[in-house]
Every structure is written in C-alpha cells, then in structure tokens.
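In what follows, chain A forms one complex with chain B and a second complex with chain C.
Right, the complex of A and B next:
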C-alpha cells in the first residue's frame, strides 16, 4: 500500500460527506426504526405509569439504572484514548481520536437520559437542577444523584469541547470543498479558520489544556456513578473498591465499544488505509490490560466479601455465585475475562476479527456486570421476608435495545456530516508508520484480506 | 420537643393482621389487586412478617410487625435529591409526596424495605373508595410513600391539646395500628418522656432494635423473650 498524500487524505475522508450511497439510508432506516420503537415505549410508560416496567418492591432499580451505568461507562472510550494518547503523544492515536471522542459524547447523551427515563415522575426531572425557584428550594447536595447531575454535565460539556476543538480545521477543509448551502453551514462552523500559525498555536494550546482537564473529570464521573451504590447500606454495595472498580470497568467497555465502532467504520466507509491493523493490535493490547485489571478487581471484591463472611453479604454473594444469578455471573466472567484473555493474549488471534469478537464479548459482559451489581443485592436485602425477584418487561427491553440503535444512528449521522477521522491530525502525523508497524500491517492485511 | 417511638411486643403479637387493615383504611393506601400484588406492587406500610422456627412437625411460628422504623440516622434521607424524604424536628422520617420525583433511591437505601412506590395512579375496589380519610392526601403515580406514624393523628392531638391549654397525655395519640391491636402488642408514645409507657418498654431487658448493627438508630423497639 502506498502512503496517502495530502490530497488523497482530503478526498478519502471527505468522500462520505459529499457522496451518499443507498447503504446510508438503509442504516438510518434500520437504526431509526428501533429508536422510534424505543420512543414509543417510553411515551407509553409515561402515559400508563412506570408500573408497566418490571421494577417492583423491593427491586426498585432494574434495566434502566443498569443501562445508565453501562452507557456512562462506554463514554470513557473517548477520554482515555484521546486525552492520554494525546498527552503521551502516541503517534498511532491520530486516526483513532475522533471516533473515540464521538463515542464519549453520544454515550453520555444516551446514558444521561436514563435517570430521567427511570423516574416515577419524569416531567419533574428539572427539580434535580440547581435553579433559583421562587420557593427557594434547592436540590439536596448530600444526595449522590445530585452529584451525578453535576459530574455528568461537567463531563458532557468538557467532552463536547474536546470533540469540537479539533474539528475546526476539518470544518475548514469541508468548507473549501463544498458548495451552496453546505458551504455556508461549514463556513459558519469553521469559525473563520485560515490556518495561520497563530491559529494553530492557539488550537494546540487549547487541546493540551482540555486533554489535561478532561482526565480528572472522567475519573470522577464513574467514581460518582459508583457512589450511587456504595453510599447506600445495601449488602455488596457498601464497598470501598467501587470507585476504581467502576472506572476500570468503564474504560474497559469503552475500549471495546471503540474497537467495534472502528471496525464498522473501516468496513462501511472504506477506511482500510487509515484504520489499520496496527491500531486494532494496539487497542487489543489495551483491552487485554483492562481485562486483567477488571479480573483483579472482581477477584478482590469477591474474596474480601467471602472472607469477611458477613451474613447479609454472603446471601447476595451466594445468589450470584451459585444460585439464581450464577448463570449470568459466570457468563460475565467468561465474556469479560476468559474471552479477552485468550483472544487478545495470544498474538495469533489479535487480528481485527479477533478484536471485534472479544469486544462484543466485553460489551455483553460489562452490561451483565452492572446488572449483577444492582439487582441481586436489592432482591436480597437483610430481612428474608422482604426478598424479591425482578423480571424485565417488554418496555424495558425495547428501550434498552433502542439505546444501542440510537448509538448506531447518531454515529452514522455524525460520520455523514463530519470527517470521522481527524484530517489535519492525520496530516500532521505525516503518516510515517514505523517499519515495524508497517511490517505488522502487511502481515495482518495479508491474513484478513487474502 | 417529643421524640415519637413505638414498642412492639412480639410475645403478644398473634399475627392477626388488624394493624395492616387499619393502616390501609387510615392512610388511604390504595389496593392494587391480586395480579399486581403478585408482581410485587402491594403496599403495606405495616406488614406482619412470619418466620418459622424448628423442623416439622415441631414448628413454631413467629410474627414480627414491621413498619417504618423512623430511624434517627435514616439512610433514606440523605440520598433523596429533592428533600422529599427528610427529618422532622420531632424525629419522624417525613415523606413530602408533592416533592417526590420517584428516583426510588430512598427505598433502595432502606434496610427494612418499608418504602412503597406508586406504580400507577391510586384506585380502590368498590366500595372502599367511600371510606377515604380526608386528613390524608392521596398519592399520584411515581411517588414513594411510607408509614408516617399517623402524623395526621399526632398533629391533630397536638392542636387539640394546645387549644385546651394542656400538655399531651401519654397514650393520647394512637396510630391506627396501635389502636386496632387487640392483644396490645403495639405501644406508641414519646421517648423523651422517661415516664411514658413506650419509654419504659424500650428500656426493657427484652427489647432489641431491628437490624441494629446497620446503625440506623430506629425508634421502634421489639420486645421478645430472650432465650
């Protein structure tokens, strides 16, 4: 393969914006149908009452809170890849950063919907906002849910800025290559970008500041989400390990989501030359590392609980380990630990296909992890007389499926209007992969596309 | 300022369930019907828990009426984002229905599972709708509700005593469950008054708190023969 030149990069990466194939409409219709079904399900829940969902006494949190934690977790893809790799100036990050940052923004938007979807009276959700009401009632700043509100909004604001800043030069590229209405829109978005040294300097400085600022925010977000659980005196919830455990899990599922998104982009937008096997190989190694960290946390959490032998905790412990939730628990262990360990640990399997399979397993496993933290504990809380089971109802399943479709839909639409790979960053890297990377590329390409 | 508390003598409780019925009638707790109850939507602000001891045929049945323990250190209160769940000056865990948006966090945090959620708007099997208590507000869909120690009766008695220019007498206030308890297993009163019956019973050697080690400091004392 020949290294791409500047013009070719412009051509390849703006092509999806300027030309529309039937596949785009098909994808939008497919994802859109699911999203429409999800919206219908949500409206019917508001109309008939939250009782049409499966939550019940005493399992008052179910699929919705699971999805909330899961999607906020997915949102950690962008920060890690982009901010850390930017700070350490890892060259291979260049085609990956934007795909990752987009996941952050969309996953946060989807995740932040769930605290509203799950409310008994969602039309009063604004009471969580700290606005000066005429009755001088403020939200309760002692409540972890209010901390969530601030953490998620900070993270969303920060990651939108983090996504938008490096888009400015690319908007200018599209502006220069489009005509008519499109030209006028991108001219507005480009904010008068001329590419002067001063502008470049300011952009680089801003990116540096954002990359440093976003890291503690990202870590705090999932720590605070974990506080929703660890602050309540519920067996197996009250744990000091939950903060780092949740952050690690979030980064883990985020990398998995990123790998899946990149594989899809590569295939649908013919970006084989930009998203190369070396990127999947590197992300696969990250996935392997996170699988090991995740396994360490789970082992730690389980062993300490078992050794402590506290009756209420042991009830929940055995429920997940051996009793009704055991099938889900061991599926989670297989998906989150064994599959990534084998596929990513053995060099031969660390192909694009192998990465995608492992990532799907991690996505399933991480969703189950959130579910298994929430439901078994609530269903077996202290007094045996008040134990209960939870069965998800169609409305919850439809809304859950719809959020995955919403992610797909937003991603497809985004890739349609904005170059999904940062054009200027790619050029700045001057696409000079090391000899080793190129050799690996060729080896892998030969394997994947004989 | 009083501190309302209750004592429940488990050696007296015969599990008749009159307290449950009286509570439903007094507090306008909607009946959800058999199908919804089977799905875990029944709301009993007070419930009679049954525990069996021993092996068949030598079985003993124990009852334990469980209502909101009106904890001094209540896990339900700090977690509410809107202050719907809050602490009153006389130590009750109050629930402001109008302020509740239905995060259900309070119910998850409650170790006793004595908070109940309105999954739908309330309805009653005929002719129960004719006996609603005008002193107690109805709860709409999406709101958490719980035992209040019949706060409407507490406030009513306080106003009455004030109007008559006297102190409240011990035993003057009776929540619906206490009033209807035939074997007199439940006793209600002011824990700050060392002479009140509930104070006396709470100090009994037979007394214990429910899930004391969780650290909630409940206002309800359970009395049982210590074996």
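Right, the complex of A and C next:
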C-alpha cells in the first residue's frame, strides 16, 4: 500500500464532512431513538419522583452511580492515552489521538450527567457548586464529592482544549475546501490560522504543556472517584489500593472503548488506509497489559480481604464469590481477564476482529466491575438489620442503554463536522519530522551518524 | 499590489526561496512562510521558536494554586463545620482542590498565550493561498514595493517547481 499524499489525505478525511450518505441518517436515527427513549425515561423520573427507580434503603447507589464511575473510566481512553503517546512521540499515535480524545470529552459529559440524574431533583444541582449563597453555607471542601466537582471540571475543561487546539489547522483545511455558509463557519473556527512557523511552534508547545498537565489530572480524576468509596466506612470499600485500582480499570476500559470506536470508524468511513492493523495490534498489546494489571489488582484485593477474614468484609466477599452475585462476578473475571488474555495474548487472534471482540468483553466486564464494587457492599453493611436487595427498574435500564446510544450519536455527529483523524498530524507523520528533527539536532551538535 | 509569493512543492525548494530572498536583501521578519504542517526539519521552520509560554503556564499554575488555597480557606473558615474531627482548615483534603486548580491555571494560561501570541497577531496579515492546505509551501513578501518587485520575482521563481503569484 502506497503512503497517502497530502491532497489524498485531505480528500479522504474531509469527504465525510462534505458528503452525506444514507448511513449517516440511519445511524443518527438509530442512536437518536434510544437517546429520545432515555430522555423520556429521565423526564418520567423527574415527574413521578426518584421512587420509580430501584434505589432505596440501604442501597442508595445503583445503576446511576455505576454508570457515573463507568463513564468517567471510559473517559481515560482519550486524553490520557493521547497525552502519553504524544510525550513519548509514538509515531503510530497520529491517526489514533483524535479518535481517543473525542471519547474522553463525550464520556466525561455523559458521566458528569449521572450525579445530576441521581439527584432526583436536578434543578437543585447547583447546590453542589461552590458559590456564595445568601446563607453563607459552602459545600464541604473536605468531602470527596466536592473534589469530584473540581477534578471532573478540570479534566473536562483540559480535555476539551486538548481536543480543540490541534483541530484549528484542520478547520483551516476544511475552510479552504468548502464554500458558502460552511466556509464561513469553518473560517470562524479556524481563528485566522495560516500555518506560519510561529503558529506551528506555539501550537506544539501548547500541546506539550497540556499533555504534561493533563496526565496527572487524568490520574487524579479516577483516584478521586475511588475516594468516593474508599473514604466511606463500608465493607470492602476502605482500601488503600482503590486509587490505582480504579485508574488501572479506567485505562483498561478506555482502551477497549477506543478500539471499538476505531474499528467502527474504519468500517463506516472507509479509513482502512489510516487506521491500519498495526494500530489495532499495538492497542491490543496495551489491552493485554492492562488486563494483567487489572488481574493483579483484583487478586491483591481478594487475597488481602480473604486473609484478613473480617466478618463484615467476608459477608460481601462470599456474596460475590459463591452467592447471589457470583454469576456476575465470574462473568466479570472471564470478560476482563480470560478473554483478553487469550485473544490478545495469542498473536494469531490479535487481529482487528479479535481486538474488537476482546474490547466488547472488557466493556461488559468493566461495567460489571463497577456494579459489583457498589451494590454488594451497600446491600450488606455490618449488621444484618441493614441488609437489603437492589432491583434495577426499567427507568434505570432505559437510561443506561440510552447513554451508550448517546455516545454513539455524539460520535457520529462529531465525525460529520470535524475530521476524525488529525489531518496535519498525519501529514507531519508522513515526513517523519521527529526523525528529521533528530538528524538536524545531531547535525547541529556536530555528531556524525554511522 | 499587496504581496508577491511563490508556491513550492517541498521544503527544499521553499528553503532555497527563503535563502534567495535573504540574498536579495529581504529581512527575515518581512518574509512570510506558510505550510500545512510543521516544517521543523528545515531551517526556515525553526523561525520564531523562542517563546515564554512555559513561563506563562507556570505563572498560571501558581495563580491557580493561590485560587485553590484561597477558596479552600475562605469556604472552610467562613462557616466552620466539624468533619470527623478534621481541623477546620485541613491540609490533606485541601491539597486536592489546590492541585486541580493549579493544573487548570497552567492549561488555561498556555491556551491564552497561544491565542494572544500566535493567533491574534495574524489578523492584520492577509497573505494566504488555499493551496497551502493542499500541501504547497508559500514563501512571499507582503507590500514589496514596485522597485524591488522584479528582483523578488526572480528570487522566488528560481527554485525547482516554483509557481510565482502576485496578490492584488
């Protein structure tokens, strides 16, 4: 396969923006129907009250908080992976980064919606914000829920900017290729971009600074989400490994989401030349590594609990190992550990299809993991009088399904208006600037390469 | 006429054009170079590399940290609540808010510096050709003056593959 030229890259990557096929309308209608159903379910919950959901004493956190933790985890697909790959200058990142960064922004938006849905009375959500009210009562800054507010908003702001900045040169490409209203819109979005050396240097420096700043923020976000649990005296929640355990799980599910998104884009937008098997192979290896790390954390958590033999914790432990939650627990183990281990560990299976199958398994397994952290513990807190059962109700199931559709819908709409692969980075990759820059540096330093 | 410029298919030709313009007596600050990707492997791509952006980002981070400290202190001392025996102003939990705002400050300062230093100043400059988006490299001089026009056109047309144009 010959490498794509600059003009062909422009043609291939701006085609979905300038031409609209029936597939686009079909996908929008399909996902839109689910989203509409989800909105109807939410409005019905607002109208009839939170009582129509299954959350009640003692299990006050059910599907909604599971979804919150899950989607915040998925958000680690983008900015974190993209920032790491940028900082290590991994050449294969170029077609991947924007696909990944988009997932971050949308997953964060969806995730951040769940605490508001969970409130039951969303019009009071502003009580969570640190604003000076007339009563002079501020949110408690020593509460992990307020840390969530700051961490998620910082991550969302940083991720949106991290996504937007490298789009500016691509907006200029679309501006130059479009006419009429579309031209005027993209001219505004391009912010007067012309491509001077100064603009390129400033853009790359800004991206470097943001990559360095966003990495610890991404780690902090899921650590803080884990603090929502580990700061509470609930069996199997008060654990010092919850921070890294949650971060590892987040990166794990994020990579899986990225692989699925890339496979869908490759198929629907005919991007076979840009999203190549090597990209899936590399991401498959990352998925395998994260499956092993995840397995290590689960083993660690389980063994220490078992060895400690603390009665309240063992009650939850056996509920997940042998009793009512055992089918979900072992499905989680199979999806998160066994399937990726086999499919990604054996090279013959590490194809695009194999990566997608393993990724779907991981998505299912990670959702179950979040659910199994929350519900069994809340349903068996210390004294038997406070034991309870959680039964998810249709409104929660519909809203959960709708958020997956919302992700699909937002992704399809994004790919319709913005090049889903960074055009300028792909062009820069064609000329391997990093290698050339290194050669230039060596020349300047007076080194002679063998 | 507001500008004379050449379009070049690759960086080597563009570098030659830049060198010839310099030989013709045009100062670096008067030479406009536009490309569809960073051209760091060429000498002309190294122009305007110096930036204070790292310092501004650090300053933004410090401002963010100060804001985080101030907000934590203000909120916790204005209505003292006992939280599990923690001090009214507890450092460990407050470090989280301070950290997040530090990073937010650094990110916002970097973006602001990019906008102010690289995007806003281009508003007054007009030299552009849509072929740049297609991979051509533009090297040109804005407001060259009639007296120097012939020399500049000669310099710009010398490199291989050059297409010299004038913008009205």
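Everything that follows uses one rule, which is that the second predicted complex is superposed on the first by the 429 of 450 C-alpha atoms of A that agree within 3 Å, B and C clash if a C-alpha of one lies under 4 Å from a C-alpha of the other, contacts with A are read in each partner's own complex, and residues count from 1 in each chain.
To be clear about the criterion, contacts are C-beta pairs under 8 Å (C-beta built on N, C-alpha and C of every residue); 3 or more make two chains touch, one makes a residue touch a chain.
All values derive from a computational prediction rather than experimental measurement.
A.B. asks: Quick check on the superposed pair: does A:397 touch chain B, chain C, both, or neither? Answer first, second, both or neither.
C.D. replies: Neither partner.
A.B. asks: By the touch definition at the top of the document, which applies to A:200: first (chain B), second (chain C), both, or neither?
C.D. replies: second
A.B. asks: Applying the touch criterion given at the start, work out whether A:140 contacts chain B, chain C, both or neither, answering first, second, both or neither.
C.D. replies: It touches chain B and chain C both.
A.B. asks: Specify the partner with more touching residues on chain A, choosing between chain B and chain C.
C.D. replies: On the superposition, C touches more of the residues of chain A.
A.B. asks: Just to be sure I read the superposition right, which of the two partners does A:165 touch: chain B = first, chain C = second, or both, or neither?
C.D. replies: It touches chain C, and chain B stays clear.
A.B. asks: With the two complexes superposed on chain A, say which partner A:427 touches: chain B (first), chain C (second), both, or neither.
C.D. replies: In the superposed model, A:427 contacts chain C only, not chain B.
A.B. asks: So, does A:314 touch the first partner chain B, the second partner chain C, both, or neither?
C.D. replies: A:314 contacts neither chain B nor chain C.
A.B. asks: With the two complexes superposed on chain A, say which partner A:217 touches: chain B (first), chain C (second), both, or neither.
C.D. replies: second
A.B. asks: Just checking: does A:84 make contact with chain B only, chain C only, both, or neither of them? Give me first, second, both or neither.
C.D. replies: neither
A.B. asks: What part of chain A is shared between its chain B contacts and its chain C contacts?
C.D. replies: In the superposed arrangement, which is not itself an observed complex, chain A uses residues 137, 139-140, 142-143, 146 for both chain B and chain C.
A.B. asks: Under the touch definition given earlier, write down the residues of chain C that touch chain A in their complex.
C.D. replies: 32-41, 44-49, 51, 53-54, 57, 61, 71-72, 74-76, 78-79, 81, 83, 86, 90, 93-94, 96-97, 99-101, 103-104, 106-108, 110-111, 113-115, 117-120, 122-123, 125, 127-128, 130, 132-135
A.B. asks: Within their complex, state which residues of chain A touch chain C.
C.D. replies: Per the touch definition, chain A meets chain C at residues 5-7, 10, 130, 136-143, 146-147, 150-151, 154, 157-158, 161, 165, 168-169, 172-173, 176-177, 191-206, 209-210, 213-214, 216-217, 220, 224, 424, 427-428, 431, 433, 436-437, 439-440.
A.B. asks: In their shared complex, at which residues does chain A touch chain B?
C.D. replies: Chain A reaches chain B through residues 48-51, 55-61, 115, 118-122, 124-125, 127-128, 137, 139-140, 142-146, 149, 228, 231-234, 378, 381-386, 388.
A.B. asks: Which residues, counting only chain B, touch chain A once they are in their complex?
C.D. replies: Interface residues on the chain B side: 36, 39-43, 47, 49-51, 64, 66, 75, 78-83, 99-105, 107-109, 111-113, 116-121, 140-144, 210-211, 214-216.
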